[in-house]
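Take a look at the structures listed below.
Next come two complexes built around subunit A: one with subunit B, the other with subunit C.
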Partner chain A sequence: MVSPSLIIVFALTLYPLFYSIYLSTRSYDLTALWKDAFIGFENYSHALNEDAYLAEALLATFKFAAGSLLVQIPLGLGIALLLNREFRGRRLVRTIITLPLVAAPIAIGLVWKYMYDMKFGIIPYFFQVVFGSSPHWLADSTMALVSIIIYDSWQWTPFVALILVAGLQGLPQEPFESATIYGASAVQRFRYLTLPMIRPLLVIVALLRLIDLLKLWDPVWALTRGGPGIATQVVSWYLYRIGFLYLWVGYTASIALMFLYLIIILSVIALRRIARL
Partner chain B sequence: MWKKQSKLIAAIAIVIIIVVGIVVVWYVTRPPPAPRKVTWSVIAGFYTDAMNKIAKDFTEKTGIQVEVIGIDNTVLYEKEVMELAAKTGAYDVVTIETMWMSEWSLAHYLEPLDEYIAKTPKEEINFEDILPHYRVLLSRGTHTYGLPYYTFDQGSIFRADLYERKDIQDLYFNTYGRALRKPDHTMTWEEYYDICKFFSKVVPQEWVTQPGKTFYGLSMMAGRFGESQDEFMALLWGHGMDWVDKDYNIIINNELGVKCMQQYVDFLALAAPNSIEITYDGCVGNLRSGICQGFLQFFLDQWPNAIKTEQEVPGAKMGIGTPVGGRGYTGVFAVGMSADSKHKADAWEWIKYLSGAKAQKDFALMGGSTCRRSVLYDPEFYSTPELAHKYAHLKAIADSAALLETLPDWEKPPRIFMLPQSAKIYVGPFIDVMSLLANHQKTAKEAADLMADEIAKISGWYPEHKPPAGWTPGFEKLSLPVFKEQYLSWLFQPLCLVGAILPSLKRPD
Partner chain C sequence: MSTMTSSKNSPTSLVKKALIYLAVALILIATLTPLVWMVATSIKPEPDILVTPPRFLFTPTLDHYWFALAAPEAPLVRGLYNSLIISLATIALVVPISALAAYGFARYNLGGGHLQFYILTVKMFPPIAAIIPFFVIFQNLNLLDNVIALIILNTLFNLPFAIWLLYGFFKEIPADLEESAMIEGSTRFEVFREIVLPLVAPGLAVTAIFSILFTWNEFLFAFILTRSQAVTLTVAVSGFWTHRGILWGPLSAAATVCVIPMFIFALIIQRYIVRGLTFGAIK
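Coming up: the complex of A and B.
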């Protein structure tokens, strides 16, 4: 009974992993004229010590992840608190906010590209009308990452909100009732009751989002292609470029594995947190 | 005994009848033989209708079907190279950009076409009819690997009506002390810069555009796409400069190379602001919106789109000519045969037909840009002023090609095409560095130095920035030292694997 599962796991997970490790130790370049050779840790060493693009890509990735989390977690919590209240049409609102989650990232990314367009995009138009001028959302190297953070937050804040709503609805009511009787304000109830009680869930949501954010690729493809310059060249985009355009198979495998290790560590932390709940 | 034998014979007879019956039923109901078919990977949306029409004509003539596999321009290289490297033979005929030729021919991805050309009657293929610089671009050593079917050589495309206006001419003369000339190969980059500056900064806006719009001297393809480097190459080659010198030493970061990079940034400062995020289609969009007079240099094949400005902008009249500085990007899409094609004879039939005189004329009539002299100079395209205007890009291509032929031999084709890893350089660091330059993340000098380093690294010439002694373009087999045996890779793996999966196996507390 177990054999088919083992075969599938081996074929789809372990074999590619083994093969990636093998490739990461070689100078394998798909179109190079030189002979493919074992080079030990050379790829890893080059990536860690000499690859300025990788360093920039890591920086862009962490900037993006930090920026997105700073927007998505507070905003998601705010929406969750609103949705945790009883009001007419609550179910409808909950359904509507899930819509971005079911949209295909690349298709919606292209729609956002047009929304950011300086000639006919609605976002620059809005800024022109309200503030008299608009930043170049995708062409300015300081704004491009912000543009992607806004797009990603639009798509994924509902995910944060939905998980937190579920957490809020599972909180016991007694402490809140007691606090109200003893005259605690809404802010105090949130600060001293709600926040500590949902903190483990907040950490899990943040970790899940972080893992996802580190793998960001689709919005970069749709909106900026890593540009302007290399301002939005995050690690996964850089991997795509060196893997599929430069065709540096060995080197790409080494960076991908290092990135995998990072995500595995984060996943282990997330799993431990979940197990403690 | 006899009875037993009769039973045996009857059984055998029944088996034979059944077998024969099955064979007869299979024969009668068998599917018709598979039609002869070749697959062709091609850029999606580039005259797709014209290509389908030509493919249909070809099928009617030969009975060979052509499956046109349209692939987005931005991923064509990677899609094709994956199939070629994996030796799948998924595409019998592949579209080749000139920059990819060295890499693909040296990697033996492409079938040399020499034998096929030799076996084909001379009048049928008329090889000499193809513009010579394309023949050179598509050959390596003694072999030809592709035949051209579409050129995107660069030249000047501009708003001729603005150049012909008396008030604008006078203002230009008063400002610069010389007459306003339409851009062509006799113009220096410095003069063209003045013209762009004049239209961006000097001409009153109300003279040249509608209220609410801002007019610019030019639009540029400075977005992070595969055309920014073509645009820069016009500037580079127009200065008589190249990425490598005649001995293939990398010289892009010399004084002239840095000057070209700086000029690129200077032009960009005059360009429509969205230049930083667009490519050729965005540039045509700007032209048709009536907000620019022209481009740095532009693909001549875009003329049929550019002249639509005349319908969309009141009073607009478009002009076209040879490239400023005398040399734009000389680019061509060719059709080559995958070395792993299982239908090589049929693939050759399609390559021959598509690049042949008849298909090329049909293609040109549908607006395409051909590479054959007989079509470029065909009087049918110039029989009336209207037709001559409609097909003006054909004349511009012919004129630009004639200019090229006046250059010394060693300059055709540019040597960047001959670098063994030219494709990788072209689709990778060229785009990265141009984007960094355009966005002021690198200065001209830094960008030039970075470009030189990247070319050297990809070519295996780092840090010397020159090829090893005795290297000959297009024929070498580079080799890096193999300092460990393969088995060490396998010994190394368990260590890495343990490192990779151990953390995930540990049970959470």
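Coming up: the complex of A and C.
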């Protein structure tokens, strides 16, 4: 019963994987096919030692992932604590915040590009009205990364919030009741009860978000296409550029494989923790 | 007790309440603004779109929708048709295959959980890394710009997730139920068809909807593997970023067409959203 799916998954992942490994050991370049030859680990050593663009891309990816997690985890936790309270319209709020999660990133990303537009967008307009001036959202190299972080947080903070609400609602009530009787303040209860109890879930949510953040591609296409300059050229965008615009297939395969291993390691850590839940 | 918990209408509890509703209002405004702006732009006349400052009052029009449907640079109708075909073919493959696999995993503990584990890492593969070998393979098979290539990739990427999600649903069915039916003389397959499948029907529906959702929203594979014949809806939407600039009105119309059906699905599977997004780990 299991075998059809196993055959499909194995055949469709292992063959391309080995093919990737094969490609990564060759100087395969679609713009210079006559050069195609076996070169061993040369692609890897070039990527790790000499590729300054890759180093920049790693740095951009790190900044983007760290910035997004710093926004999404605390904000998501805050929203979860709010949604864990009784108030009128709670169910409706929960429903509404699921909407960003199911919207196609490319479609909604392009809508955000319009909102960030310095001439016609409502975000610069809002900043003009409220603060008297607006940063150059997508044109400034620092702000471009911030713009993607804001967009990504709009779309994915609800994911963090909804998972944490589910976690909060599954917590036992007794410790909180006795803490209240013994006079613990709300801050103390959060610090010494809620936080330790949902820490495993927080770690899982952060890991799942991290894996997704490292893979980010659609919003980069929609918002900045790696620019200005290479300010938002994250690793996945760099791979696209060297693989599909420059057509350095062999070299791209070597970086893609290393990137894949990194994500598999993170996935295994995340899945182990999920399985223990 | 009265010293610790304030009574219902005391000033502090009123302030608290006001703060809660203020926070809720901020969340709703932040969440809905881009969506409202998308729909508003899609029905805003062209002269009202390209103005500074942005215009909030205008006479609605459906012109952008008509334009978007006819625009040659962004074949929206073909995209809709292909996305529908690819989504349906993907669930037609994913749901039965994953149901059998998940049932097997749930009842026989195959590979002690390791196989399942290996399978789910596929879902985590960065698409841009996966597409490089697939691009060369599909090129050799002459499957570029062909919906079959996208059906294969979407099936591959949705199977692991579907197996895990369904595994949880199968685990919820008590094994005794099946054992007693088998004692009465039914075969394993009859038990699966007559007892297990009806019980797991909601799980199958949720799995199907999630698979449609991921397939429908998928952009990277479709963008790289298609040119004109096999373009999906997301590729058609991106086509409104033309050489002459971005056509904001028709783009918003196309984005609305792309996003609204998924909103309807989200409302249907609301109860299962968290479960689906965590591969069934959190219910």
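The working rule: the second predicted complex is superposed on the first by the 271 of 277 C-alpha atoms of A that agree within 3 Å, B and C clash if a C-alpha of one lies under 4 Å from a C-alpha of the other, contacts with A are read in each partner's own complex, and residues count from 1 in each chain.
Following the convention adopted for this analysis, contacts are C-beta pairs under 8 Å (C-beta built on N, C-alpha and C of every residue); 3 or more make two chains touch, one makes a residue touch a chain.
Everything numeric here is computed off the predicted structure, so don't read it as measured data.
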Note to self: If we overlay the two complexes on their shared chain A, which of subunit B and subunit C does A:236 touch? Say first, second, both or neither.
What the structure shows: second
Margin query: For A:69, using the defined touch cut-off, is the partner it touches subunit B, subunit C, both, or neither? Pick first, second, both or neither.
Written below: neither
Next item on the list: Kindly classify A:54 by the partners it touches after superposition: subunit B alone (first), subunit C alone (second), both, or neither?
Entry: neither
Notebook entry, point to check: When the two structures are overlaid on chain A, which partner does A:77 contact: first (subunit B), second (subunit C), both, or neither?
Noted result: neither
Next item on the list: Pick one for A:215: touches subunit B only (first), subunit C only (second), both, or neither.
Entry: second
Check: Which partner does A:160 contact after superposing on A: first (subunit B), second (subunit C), both, neither?
Finding: neither
Margin query: One more residue to check, A:260. First (subunit B), second (subunit C), both or neither?
Written below: both
Margin query: Quick one: is A:268 in contact with subunit B, with subunit C, with both, or with neither? Answer first, second, both or neither.
Written below: both
Note to self: With both complexes superposed on chain A, which partner does A:125 reach: first (subunit B), second (subunit C), both or neither?
What the structure shows: second
Margin query: Which chain, subunit B or subunit C, ends up touching more residues of subunit A in the combined arrangement?
Written below: C
Check: Do subunit B and subunit C touch any of the same residues on subunit A, and if so, which?
Finding: 17, 119, 244, 257, 260, 264, 267-268, 271, 274-275
Notebook entry, point to check: In the complex formed with subunit A, which residues of subunit C make contact?
Noted result: 4-5, 17, 20-21, 23-24, 27-28, 30-35, 37-38, 41, 49-54, 97-98, 100-101, 103-105, 108, 110, 113, 115, 117, 119-122, 124-130, 132-137, 152, 155-156, 159-160, 163, 213, 216-217, 219-220, 223-224, 233-234, 237-238, 240-241, 246, 248, 251-252, 254-255, 258-259, 262-263, 265-267, 270, 273-274, 277-279, 281-283
Item checked: subunit A-touching residues of subunit B, taken from the complex the two chains share -> 74, 77-78, 81-82, 85, 103-104, 106-107, 223-225, 273-274, 276-277, 285, 289, 420-421, 423-424, 427-428, 432, 435-436, 438-442, 458, 460, 476-486, 488-490, 492-493, 496-497, 499-501, 503-504, 506, 508-509
Item checked: Contact set on subunit A toward subunit B in their complex -> 17-18, 21-22, 24-27, 30-35, 37-40, 53, 117-119, 136, 138-139, 141, 224-231, 241, 244-247, 257, 260-261, 264-265, 267-268, 271-272, 274-276
Next item on the list: Can you check the complex and tell me which residues of subunit A touch subunit C?
Entry: 1-2, 4-6, 8-9, 12-13, 15-17, 19-20, 23, 79, 82, 85, 87, 89, 93-108, 110-115, 119-122, 125, 128, 154, 158-159, 162-163, 166-167, 180, 183, 201, 204, 208, 211, 214-215, 217-218, 221-222, 236, 239-240, 243-244, 249, 252-253, 256-257, 259-260, 263-264, 266-268, 271, 274-275, 277
